[in-house]
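Note that the chains are named A, B, C and D in the order they appear, and that numbering of residues resets to 1 at the start of each chain.
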Amino acid sequence: MGQILDYIKSYLSSSQTPGAAGNMFWVLVYILLVFAGLSVAVIAMNWLERKILAHMQVRLGPMRVGPHGLMQPIADAIKLLLKEDIMPAEADGLIFWVAPFVVVLAAFTTFVVVPFGPTHAITDMNIGILFMLGVSSLSVLGIVMAGWASNSHYPLIGALRSSAQMVSYEVAMGLAVVSAILMTSLNAEGTGTLSMIGIVQAQLAQGEWFIFKFFPLGLIAFFIFAVAMVAETNRAPFDLAEAESELTAGFHTEYSGFRWSLFFLAEYSAMIAVSSIAVTLWLGGWLRPFPNFLNNSTWDLVFSLFPGVTFLLFAAMCFYNALRMPKHPLFRVQTIGLAGFGVVLGLIGLVLFIPAVSVRIQDIFWFSAKVAGFMYLYIWYRGTFPRYRFDQLMRMGWKVLLPMGLGVLILTASVALLQQKLWHQ
Amino acid sequence: MVAKFRGTYGSGITPLTYAGQNYMAVDRSLIPEILQVLRNEERFDYCVDITAVHYPKREKQFDVVWVLYSFARNERIRVTTQIVDGESLPSAVPIWPAANWLEREVYDMFGIKFDGHPDMKRILLPEGWKGHPLRKDYGILQQDNEWVQINLGIESGQ
Amino acid sequence: MAPVATPFFFYLLSGIMLIGGILVITRKNPVHSALALIVTLLAQASIYLMLYAPFVAGVQIILYAGGIMVLFLFVIMLVSIDRSMRERQFNSQWIPGIIAATALGGLFMAVFTKGNDIFPEHALPMVENDNTQQIAMKLYGQYMFAFEIASLLLLVAIIGAVVMAKKRI
Amino acid sequence: MTDQHSSLSNLDLETPEKPFLDANELVINMGPQHPATHGVLRVILRLDGEKVLGLECVIGYLHRGVEKIGEHRTYTMFNPYVDRMDYVAAVSNGLGYCETVEKLLNVEAPPRAQHVRVILTELNRIASHQLWLGTHALDIGAITPLFYTFRDREEILKIYEKYCGARLTTHAFRIGGLQYETYTGFEKEVKNFLDFFRPKIDEYEELLTTNRIWVERTKNVGTISAQDCIALGVTGPVLRASGVKWDLRKAQPYANYKNFDFEIPIGQNGDTYDRYLVRMAEMRQSVRIIEQAVGALPEGPIMAKVPKVMKPAAGEVYHSIEAPKGELGYFIVSDGSTQPYRVRVRPPSFVNLQALDVMCRGQLVADVIAVIGTLDIVLGEVDR
């Protein structure tokens, strides 16, 4: 028992990620944690997207399963698991079977290097950002496989569209990423880094999020990435690959049940993954707001209260809505359920106030909060924008974003060079 | 206008009026020319409708009706002609492209053929259907049972 | 850090590569071949990782497995699969095949036996942590000219492709 | 009406452009079960890559033989059937039919009935345009307008429900006038609706009119010239968006539209964006008409003297009205009996759909969906 405690303690005091420290046990724990957290996040996103979109569209969204439809994603998951798994007779069996797993694997593997905190990552790779871009681009393969193996027109067109789209936008995305990486080399040694943790630490060292660096260059690069990442994940207004009015559902038209849910899972994890890249590169990753200006102990305390307060606010919302529930015997279970959920959230909030916990949880909280902001943007886009046409999408990628990315890259390099010159004088 | 036509074409044209609406009955032989003249000289540039009426008791069984409108004159005119069963009419598609589907529908519903139509086939009913439903001798409950049995695999559509 | 069961992973990945390579040439369906090639390329990327060359591995994944293979698949999907399925797989050119195989085998044997003279005794002292920086220094310092020449060549290829594909610009 | 519209259009429907690189033509089938064809329309597309070389519509999946039914029902009994053709603008259909039979009987509905008819028909025009806007935007990928328009359309349907008990296929009018007197508070509710609805049009426009993607998706898409429109018999907002200021409510006023002051909105380019603007402007004009009609609702009888058993004298009548989708005409032949000898409906959707081929030539597949949406067809009316 004491040994285990020591073991945990040794981990908690470690200044390295478990992967970098070569600690296989903690790597395993982290993989499980990330996997579970991601699944919960996808489930939560499912509910939130429906709810937020519904409220944007003057309707209520799911209301029946559980209070305010809170159990809806679970009901959906059960439905999908129990559904008949249909494979078209003319489909290419093996590829049809493998495709969703490829997509999910690609989407999940990227999280190996996502830094939720200075030590809260499965591992820290020397080529972190390259790894993320590379592996996430592998999901195209799964999509192409799915579209082709279905042996049907609409999935094939959807797959072709989505792969053409991903390949095109990857170029602009890469240029934007490179211009952010260039900024990491603005230190005394003049060497940058591709490591995800190193990038955030560079931002901490330079005392500035890269989005504000060389204003407006950082902002433009961020904008390019923000557009390209929506296109990369095939979401509105770039959701041509699954445009339901044109191609019914695109590459996953022929999928059903469990395998369809894998595509769903992969889509949302990919969204979270690219948002994590954006947060890491431009928005300071796990850093809390103003780590350099408001850095005395009072401010540390104030910011360490944020996670707990957020959860308490959620809890308060639950209680408020439980009070507003119809006072009817049929609603008693739901009201109690909602209040119970509020109690759980409140307890979590209280636990987060314990200093030892709050210090460790802070990084993860800020990172998740920033990613959540991106998730909200995704939903907002979907509620607002019509869909681009394919040629317009390509024109945008090649004729607008690519030259813009090149320009920003060259300008960033020049400005960085100038600064370095001044530095050495 | 009709008076002018009468002067040119003689007794082939009968002007008629009902409920304040003018229309003219035209002899079958004059139809191609009259339609052309109406379009080009009298500026009836909009072909509103083409349809037919079946009178099984008459010798000339069908009335074919063209409803025309002129944007320039803000005026409507109807041209009708009588034809016997099996006789065909010249297509109005070269004059008004709008006649395309309208003539196909007349063919579909009455079995009147239009010569020179680019694509004379059924429009609302499926290809291969027997009978023309808007003829008076086609019962309201009647259908092509054979077609239904072959193509839908059911005994009857009713 | 200590390498984990290096021989085991080396043989595993090599095995995957070999099986993938054989599948590439034996599958009748070109899409299956392409997918087998991707498996081979990914296994190769993993071997690069084992050699402490993460940058090369990353580039391998992005460029070969990601970009090029997707474009490749594109072309294949638009080719009539049915026809290629019916075509004969091998052209019965046994004699040239055997000659080529023997020559290649001989080459491998020669390298394997005399390799110690050709290659340096031990691996170059490359540290994983600044692998990327080292590549960058070499590429943009020592071999700058060659790098620029190569990029010019690619530019020519791109322009050529555009000219060929588009009749009027 | 200027002369330029009357010149012969030079439509060339037979020679498609030569495919680029001599690539094989791709023939794909869209529908009849396709989410963007607004029902059971089947379109066979000939494509070069994603470019449309030509297309053919296959219709008739919803054919119910309305014209045949008409020959076997009395004039009164046939009235509800016409609602089932253009089911999103059932009131307009009813108005056209009732007015045609009234012409045949030589009666005229009393002024109060005429006023109520105008109010309900214009409300119906708004409802029809709302449904068009929602589904059209949905096809182009904007999902939110659909819910906005359905929320507001609900208010119109509530008025219908209160007036005649039905929401969609209302059967609101009778030959010779109206069956029901307006309910208490009718005028107030209509006025309330107008006050409620006016800002809502701005809300729709806010979402779409200046939306960059919306403009890019609709500008210069499915363009059709005024000459082509006339040659193909296309009417309604599509014709007006091509720049022809023609509306049957003004050109040949029926009901009592000549008593009301309104404008005919027109476009210039005849593209999808102009058609969108024209329909938005038409909703505003409808609001204007309703406002005037509700303000001056006369007292009096609501039913003209019509015999219980209608036996119009033998003869034939063609009468048409401006339905939300274009010219809706009825051609009724009477042989002096209680049943019409022949009922012919001139459906605007059917004739407008003919223009799909012309409008889609040279566009991309995604535009076909936008064009089907902008034509605003209802398959119930196309197939009858």
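Just so it is clear, contacts are C-beta pairs under 8 Å (C-beta built on N, C-alpha and C of every residue); 3 or more make two chains touch, one makes a residue touch a chain.
Predicted model only: the values in this text are computed from it and were never measured.
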Exercise. Just how many steps, at minimum, does a route from chain A to chain B need if it may pass only between touching chains?
Worked result: 2
Problem set entry | Busiest interface, counted in C-beta pairs | B-D
Problem set entry | Chain centre separation in whole Å, for chain D relative to chain B (CA means) | 24
Exercise. What whole-number Å value describes the gap between the mean CA coordinates of chain A and chain D?
Worked result: 46
Exercise. Can you give the whole-Å distance between the Cα centres of chain A and chain C?
Worked result: 32
For this session: Please report how many Å separate the Cα centroid of chain C from that of chain D, as a whole number.
Result: 62
For this session: Report the residues of chain C in contact with chain A in the complex, numbered from low to high.
Result: 1-2, 29, 31-32, 35, 38, 54-55, 57-59, 61-62, 65-67, 69-71, 73-74, 77, 128-133
Exercise. Which residues of chain D touch chain B in their complex?
Worked result: 1, 3, 5-6, 9, 11, 13-14, 59-60, 63, 65, 67-69, 71-72, 103-104, 106, 230-234, 244, 246, 251-252, 315-318, 320, 327, 329, 331, 333, 341-342, 344, 346, 350-351, 353-354, 383-384
Problem set entry | Of all residues in chain A, those that touch chain C in their complex | 22, 92, 95, 125-127, 130-131, 133-135, 137-138, 140-141, 144-145, 148, 156, 160, 163-164, 166-167, 170, 191, 194
Exercise. Which of the residues in chain A come into contact with chain D in the complex?
Worked result: 53, 56-59, 153, 236-237, 239-240, 243-246, 248, 382-392
For this session: Could you pull out which chain D residues touch chain A in their complex?
Result: 28, 34-36, 50, 137-144, 146-148, 151, 207-208, 211, 213-214, 216-217, 364-367, 369
